[in-house]
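Structure, as structure tokens:
We call the chains A, B, C and D, going by the order they appear; numbering starts again at 1 in every chain.
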Amino acid sequence: MTSPPHQTAVFGVSGYAGAELARLLLHHPRLRGRAPLFFGRPEEEKGTRVALTDLHPQLAGNNGAGSVTVEPFRWDALGKQKVDVVFLATPHEQSRAWVPKLLQHGVRVIDLSGAWRLDEETNRAIYKLEDHDPAAAESIQQGAVYGLPELHREQIAKAKLVANPGCYATSVILALAPLIREKRIDLGHGIVCDAKSGVSGAGKTPTAKTHFMHAADNLSAYSVFNHRHTGELLEQLGLQAKDIIFTPHLLPIPRGIFSTVYIKLQQRTTPEEIDACFRNFYADSPMVRWYGTRLPEIQFSVRTSYCDLGFALASDGQRLIVVACLDNLLKGAASQAVQNMNLLFGWPEQEGLA
Amino acid sequence: MTSPPHQTAVFGVSGYAGAELARLLLHHPRLRGRAPLFFGRPEEEKGTRVALTDLHPQLAGNNGAGSVTVEPFRWDALGKQKVDVVFLATPHEQSRAWVPKLLQHGVRVIDLSGAWRLDEETNRAIYKLEDHDPAAAESIQQGAVYGLPELHREQIAKAKLVANPGCYATSVILALAPLIREKRIDLGHGIVCDAKSGVSGAGKTPTAKTHFMHAADNLSAYSVFNHRHTGELLEQLGLQAKDIIFTPHLLPIPRGIFSTVYIKLQQRTTPEEIDACFRNFYADSPMVRWYGTRLPEIQFSVRTSYCDLGFALASDGQRLIVVACLDNLLKGAASQAVQNMNLLFGWPEQEGLA
Amino acid sequence: MTSPPHQTAVFGVSGYAGAELARLLLHHPRLRGRAPLFFGRPEEEKGTRVALTDLHPQLAGNNGAGSVTVEPFRWDALGKQKVDVVFLATPHEQSRAWVPKLLQHGVRVIDLSGAWRLDEETNRAIYKLEDHDPAAAESIQQGAVYGLPELHREQIAKAKLVANPGCYATSVILALAPLIREKRIDLGHGIVCDAKSGVSGAGKTPTAKTHFMHAADNLSAYSVFNHRHTGELLEQLGLQAKDIIFTPHLLPIPRGIFSTVYIKLQQRTTPEEIDACFRNFYADSPMVRWYGTRLPEIQFSVRTSYCDLGFALASDGQRLIVVACLDNLLKGAASQAVQNMNLLFGWPEQEGLA
Amino acid sequence: MTSPPHQTAVFGVSGYAGAELARLLLHHPRLRGRAPLFFGRPEEEKGTRVALTDLHPQLAGNNGAGSVTVEPFRWDALGKQKVDVVFLATPHEQSRAWVPKLLQHGVRVIDLSGAWRLDEETNRAIYKLEDHDPAAAESIQQGAVYGLPELHREQIAKAKLVANPGCYATSVILALAPLIREKRIDLGHGIVCDAKSGVSGAGKTPTAKTHFMHAADNLSAYSVFNHRHTGELLEQLGLQAKDIIFTPHLLPIPRGIFSTVYIKLQQRTTPEEIDACFRNFYADSPMVRWYGTRLPEIQFSVRTSYCDLGFALASDGQRLIVVACLDNLLKGAASQAVQNMNLLFGWPEQEGLA
């Protein structure tokens, strides 16, 4: 493999997903010899550069991460360094504000925030986004591609702006998409998605909720009937709000999502048919591991870039449970972003993710 | 308070629920001055007595537990010591075998196992119980009372044999009973119970599943469509198998159950009506704490004897989520057993449980 | 037991130790029928009363805690309600400022902060305390009694101001005091105290250190050669700084302290002599559990009011390890405060703590 | 890189260290295209082959691990497949019995057990090893090299048998070796090593000690004055038993070791001198990360192949604390074994470990 003519940059490398993204990019076989540029979040910069390993000590020793610095952001660095892809691991307000400028600079953008994932304004309302130039933003929104390779790999390959999916949304959409496509679900019955996530999903800012004393030895539900990722489920799966309930819970573990999805099938179905439906759908998707009737556990997928799927079918052949597990920081964020980068550059989807 | 003419005995005090039961009985204000008799499980006895605090060091110093011994079981001790209530914290096979003999000895029994909870043989089949005298067993079964005080306090008070409910079953039944009584649930839609339990629910025997390396930093589903407690839900709530899905998950915490129960209501309902339905039902139930529209967390109920209940209602007034939390070793086992003892003796239900 | 003529008040009930103190006082058999007054921290008050169970949901249902309110602080409440003992669960600056005024009001004070524990100004310097009236403060300091009942129960009984010990300090002092009294330690060799504490010891304020993602699956040392509790060890054990190293570590558990104390004995000693030394010293100390050559584990003492002690002696008879375990919020804070209150009122030391 | 003429085999791949070893070897850049042979433990074999991912589901998708099988052990496979290095991740009895036969087959062996680490019979006694041919075993023992590359890289390169060090021993030896070499330690004072390890160190067999209910929310000390790794410290550091105390504790985390090492220096020393001593010693050791006066945390090294070292020096310039952190399954086992393989084959020490 020769070093490619590509240069990447990461904005907002200080968070948990940012750290994973840095790790993956520093190890990516196609980017060897060309470390990404790392920029801090504007509010954290204070005009000084810091070592990447000061922010994330666990990265020390990783392919020369010790000498990598995080710089204060400078627009002119993009042109000088011939950056062609920018990853935004920034808060959604900032991603919304910066994407128009970045696109004007001619770079392609993979945004890890929720800012550009939702086409419908009613779904986007929960983010309270404000656009400087609403018409331009709407035009950019129309061109944005939802960065779930298993559904949209061809559009992603051509996109200027990839909206990297939410972690919960990735797990639920991958659990349901094959059944939706084959119109197997009795939607009148309603789909129930009982999802559980590790604490890293709540972000790095210390809060009462992420305090060890609250998060450890506990389980709580939150954002019931009102979670931000719900809109992604509706738009990507072609559902209406009444068709699906999505309930997130906070697990006392650092990482990982486990979504238990309850479905009523239109008609009596065999386990073999379910198995074939999923195998068929994901035949060319290297980042999905299909377990069949063996249910995945959260531990199997944590610290991997895979989404694991398995199912159990009641003896009536109609009541189906699909379990989806993934690492919220990897397939739910950083690995998916790298998977999208691979598509943008025409590399194998799983490159650097095994 | 004067010391009562009552003497209790606990069989199988070596497990987690046994330890909690010992602690509660040693502190019970109506049993002061008269420590229960503690017997080991037959297979653990080896004919020797051991100090209770050797089995459970955390009990040392508790109202003289230091001098309490666990004895090899002897039938004649029941009569000599005038035992009038026996708690069985024994495996279900053993409880099934011993109850007939204990009843013949004239003692009342509170059985914490699943041996006598289920009236219907099809539901009981999962326990693979074998009766020495099937006719006698069937007769005893007819007289057994399901020991959920919130549903059956009057029958419990008069019972010879109380079948203490399963931990999961307690949480789900208490979440649903008020809605069932008022016929508010659209059963055709199906009830989904996504339940999560701490590791103590899996028992004290070391297994691959309870190994720290498997249980920690993990979540897994188990006994999907096939958990033993399902029969209790059906019989106590008057449901059929097709009406309800119950899925247990293993949480990486020591104790506590969190059941998220998804219901479709028959008709558009207001939060106030839901609130009134539950308040009304549990008005005289001291061991249920009603949270209304604030959702309980597992941490609030762990190490208490309460079942905590709260709800969230979708804006359509029909999709309802009820959350039930309790400590699987207390309201899910030992505290409920003591609550049942209080009823047997005519004491206030919450005595010794606050 | 009849309701006593005593009324207590707790300032700063919002923290972890405050919650435990509230729980213990609400259950204290000598205080039945007379709930303590609870006051918030001034900076949290905002002039409104809140339910105690809003601050600490897990207290709901505890002896009527549901109707107990936390009031904005008012000095005149002390006289009107005839408060005779005040517990301060406030930051040390606040405790330092309030104690002079409280003593002027004629109430006795049990201060859980570090403000009044240290006689020597050099040891106190680490708290950066400022006194409005230094001479008065110095006089109060002289009269303050270090509230470790196992060492000072007689002085505590007569004290106006009890300085409740630090959690780490309690564990280390109790591990060493019997050996110090019998002059068994070779001080020239140096004592090593390797102490480990659960996260509640770091307080309720969310910080990067107490974030679940940092505290879970981790261990770190902190305040090496520089921890605030060191001065307590020196003063209470009559040691000099060079005699002892105290290193705290942050454990990934909610509660509990485990101190491993390494000692070189002056001369060859038998296990029986060590055993006798400790048994003798703690013969009349109900809140110390002596394990002898069986080492305690942190789990045995968590959620109890005991300090557990055990030892291992090398075959050379000179190298000794003493292990001390306790719950940092109980014997390390709230239970010790109640133990001190019992002494102030002439009640049995262990009353309400079993 | 071209595929090398080397073929490796792993015996006993079913444990935690075995899984890590499999993962590292499957990803090793010099072994691409030539997967190791994997053999089960004899007692687990039952004569059937199983998929590696059935034993370790988290390996699925790793460089074709899905098609890798674990075979029943057959001696003739070694010759047929031209295996030149065998890793033993087997119990020490088995390693002791097999090594003579393996060496006779002309393969080089890296043994991860404690069977061949100790030259002195008194130190080895704790393993209760029995040799079929004691003289031959003694001769093999003399030729065995202790596989700590930072101390013995040249001998390892030439060794037939590498005895991979214990996890605890690695951390303590690396913390002390630089100070020992420069004769800086006042041994008369005694070295205290207070070590803490995650639960994977206790192995995969379910026991009361590794049960989640015992290991979680707990800390305990074990094998006090009597741990198997003590002999390695004595032999490798040239110490006598009286010079050092080593106390292991069981941490409630899956992986990671944190050793707090207390040293009295011979004379007053500056932090700069300590810093230089370690930098100098580890200048050419790529798998040691030196933190200087910043203390490492267990989290920084977990899931890396590094040993992290840092120190704190008291203001007296004589009392020194060195902290060593590593992942017990990696630098404490599997990564160290790969590091040794790299030396055997003349590859860069860190190859496949970054």
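Here, contacts are C-beta pairs under 8 Å (C-beta built on N, C-alpha and C of every residue); 3 or more make two chains touch, one makes a residue touch a chain.
Computed from a predicted model, the values in this text were never measured in an experiment.
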| item | value |
| --- | --- |
| Farthest chain (mean CA position) relative to chain C | A |
| Between B-D and A-D, the pair joined by more C-beta contacts | B-D |
| Between chain A and chain D, centroid-to-centroid distance (C-alpha), Å | 37 |
| CA centroid of chain C to CA centroid of chain D, Å | 41 |
| Centre-to-centre distance between chain D and chain B (centres being mean Cα positions), rounded to whole Å | 47 |
| Chain B: positions in contact with at least two other chains | 216-217, 252-254, 297, 299, 302 |
| Residue ranges of chain D touching chain A (in the complex, touch as defined) | 27, 57-58, 60-63, 217, 286, 289, 296-297, 299-304, 306, 354 |
| Chain B-facing residues of chain A, complex | 189-190, 192, 194, 196, 214, 216-221, 224-225, 242, 245, 247, 249, 251-254, 256, 258, 260, 262, 264, 295, 297-299, 302, 312, 314-316, 319, 321, 323 |
| Residues on chain A engaged by chain C in the complex (per definition of touch) | 16, 199-200, 204, 206-208, 210-213, 215-217, 252-254 |
